[in-house]
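Okay, so chain A shows up in both of these, paired with chain B first and chain C after.
Let's turn to the complex of A and B:
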């Protein structure tokens, strides 16, 4: 039993377990601090995390997506319409809906666009985000047009109304945790398949891998994850408005994943924490805020190509290796020789 | 008596299937890459395809393996029409190709590469018989945990061949397996072809520029020039025909242009 559990943990992966652990600990935040600034910051981070996971899942297949705001809008609006028009307030039901609707929309879309690669896929997903904006504005009978959908009733969990800030925050933690578990299950179970697609798609196909199955699966789940982020955002604002899902905001979610490090699932988590916090801190400086953020992103991209998590892991690994080989081995004379050894040799010559 | 004969010459387990290419043509817009190519490959057959650069050899492999669809013609495997079957689908039916350049999952280890090849093709973790022998011969057995793109060029190409081997192919399409290898490494391609034929009994189509290699391993060859088959037959005879020599060497002096 214990061995089974241990092998299950190993199959989950370290970065994945740490990410899930961080999110579990986040349940404690509303009980530790009652500051509205912290509450709002943490909620924003927790909304960013599932959206960054969506980008991360696509990057695992070497696909860069700008469609995250589009799927977020689909998730948020379907939950808002279900709440306002059908009176559904059950959180679990709404969350499932906000996952399922974008995922279902992604199925036919994926069949059309997943054959595209590289910059063409990027363009098409950006277009999708733009079209979604247009649809939101031009169908006021469903989406409220430029007014959005306001007056969303408070959601309920097992009959309890989630009204105050603390429960909004707890709900955001719960949704991010669900998104983390889904991401872990997907990317760990199919890690060899996704890695093969990323590293050499033609070879994978030539060996018999049905590449489009896995791309469809990844795209669908990524859409669902973005939908969860949209629902989380709806919970915070209690309003679904087109401006929350601006096509340009897709750049933020991509930045969270890449600055954090797209090589590990911890990357999107760390990236969301760092960049959302930075945005909030800089926003007190008014007009300088985009500049500060730009410089921060520049530093990370120039100095740490593998993102924050990737670079940290590399440094730790190098350190461990240096401890194993403290002196330069004899067959590597170009490495600096330790001072004491050089002095001893000189003495011996004399 | 007759059965005794076959056991000596035939492969251990004839799991191959007949590949029949009928009147296949491929054109990109107005550019005709090749037209009217037909041949049959029985299990255990080895067919060499030679011709100058741009003759359409690699495109032929692309069409048979399903990376490209033919403009005309049919490809059947064991009597089933696979002309329209997708790339991965054909691979699962046993039509496996190798690539001209090194083609591995670069950051993955040798072990992971092989595990993926088996998993994607037949979903099992058990390599086919003879894999160990092949790994030993290629000097890959001791390097299972090395990253595949850190291996020397020759070993990367050999790993590409091993990946094709562990999928248990019925028909193997080799696209210039010896390109870029040193002369002493090229013998390993001979070893590989014989090994595959003996262990898996599959048929092999080999596109290659190394004429010595072709002479050594192919009982039959086909010469392509500008998309047409200009000669077919045993290599010793075909490669001495004047039209083949002209195709290879242009209009150069034929005395000088003895293909060797």
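Let's turn to the complex of A and C:
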């Protein structure tokens, strides 16, 4: 039993476990602090995290998506319409709906757009985000047009109404946690499939991997994750408005994933925490925050490719290696594989 | 009938300015393989530089346009030479860099000049009249300058050694390099040329329409649309697609109202991008 549990933990991966652990600990925040500033900041971070996961999942397949706001809008509007028109207030049902609707829409869309790669995929997803916003404006009888949908009733969990700030925050934590678990399950279970697609899609295909299948799966789940972020945003604002889902806002979610580090799942979490906090600290001078984000993007792309998490991990590894081989040249590559084979050989000798 | 023809004229004048904008965008993609997210930023930058030159230095408007062209060209040149050049082989990194530059430009403009649109008007007013049609003088001047510039870009690209070198770069970077063409010299020049075109469009068009920091987004979206429709990297395709988009936009906003025309165009372009990523006139697609 213990061994089974340990192998389960290993298959989850360290970064994933740390991410989930951070989100579980976040449940404690509303009980530690009642400051409205902290509450609003943490809620914003928790909305950003599932959206950044959506970017992260697509980056695992070497695809950069600008469609996050589009799927967020689908998630938020389907929950808002279900709440306002059909009177559904059950949180679990609404969350499932906000995941399922974008994921279902992503199926036919994916069949169309996943044939494209590189900049063409970027362009097509950017157009998708633009089109979604225009559709929201042009269908007022359904989505409220430029007025949006306001007056969303408070959601309920097992019959309890979630009305005050604390329960809104707890709900955001719960949604982010669900998103983290889904992301972990997907990226760990299909780790090698995604890695093969990222490294060399043609080679992966020729080796018998049905690339199309896994890209579709990734795209659908990424859409659902963005939908969860949309539902979380709806819960904070209690209105669904087209301006919340501007096509250019996808830049923020991409920045969270890339500045944090797209190499591990901890990256989007750290990126969301750092960048949303920084934007909030700048809030008295809000007009500077896009420029700040821009400068950070420039720095990360030019100087620290692996983002905050990747760079930090590399520095830690370098230090560990320095202790192990004090005379090794500074640019010696770190090869954990070599070490483990050496250990295996020693084992075989004994 | 008169309304129909005037709408057509509006469409053509939109088309000319879009063509100038899209030319720069398509040059950057064709030659460098970079999707320039900062293109709308350069448009706004050009407009504000012209405004500042007229407003603070009391310079005449034509001189302000020249200053705007030089400033946006120089900014593009320096950006390519020192930043973009380092990651030029990686599509997604170049894309992120131009995004970062876009955010920096828009924030810089917003912080310096404030969010309200400043009063910036074309110096010549009035209109010519012929056969029941009015031709506003400012539009006619803007159109002729744009058309002349487009012609000049064509001459540059097809009749000079510099243009031939750039087109060779666009055709096949490896072969062009083997022939002795130097990307480190040509790429910054090409990028600077293209951003200068965006700055020129901004300096010419913003006094007629309007000048505000948030204009960068719709301008970028329109350039995207045109360049995809015409075929990424194709110069002729972008010019023709600009007129299609301009005319469709004019008629749909007069006869349909709202953003239905834009929506139709976007969906049309989306479908085209999926069926035929090379666009209407693009020849080859790398990496699609």
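Here, the second predicted complex is superposed on the first by the 317 of 350 C-alpha atoms of A that agree within 3 Å, B and C clash if a C-alpha of one lies under 4 Å from a C-alpha of the other, contacts with A are read in each partner's own complex, and residues count from 1 in each chain.
The rule is short, and it goes like this: contacts are C-beta pairs under 8 Å (C-beta built on N, C-alpha and C of every residue); 3 or more make two chains touch, one makes a residue touch a chain.
This one's a predicted model, so the numbers in the text were calculated from it and none came from an experiment.
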(request) Name the chain, either chain B or chain C, that contacts more residues of chain A. (result) C
(message) Under the stated touch criterion, which partner chain does A:131 make contact with: chain B (first), chain C (second), both, or neither?
(response) second
(request) Could you tell me if A:294 is touching chain B, chain C, both of them or neither one (first, second, both, neither)? (result) second
(request) Once the structures are superposed on A, label A:25 by its partner contacts, choosing first (chain B), second (chain C), both or neither. (result) neither
(request) In the overlay, answer first, second, both or neither for which of chain B and chain C A:281 touches. (result) neither
(message) From the superposed pair, tell me which chain A residues show up as contacts to chain B and also as contacts to chain C.
(response) none
(request) Within their complex, state which residues of chain A touch chain B. (result) 192-193, 195-196, 199-200, 202-211
(message) Can you tell me which positions in chain C touch chain A when the two form their complex?
(response) 29, 33, 35, 83, 86-87, 91-93, 95-97, 99-104, 106-108, 110-111, 115, 217, 221, 224-225, 228, 232, 258-260, 262-263, 266-267, 269-270, 273-274, 277, 285, 287-288
(request) Write out the stretch or stretches of chain B touching chain A in their complex. (result) 65, 67, 87-88, 91-92, 96-97, 99, 103-108, 112, 115-117, 119-122, 163, 167
(message) Taking the touch rule as given, give the residues of chain A at its contact with chain C in the complex, in rising order.
(response) 64, 112-113, 115-120, 122-124, 126-128, 130-131, 134-135, 137-138, 246-248, 251, 254, 258, 287-288, 290-298, 300-302
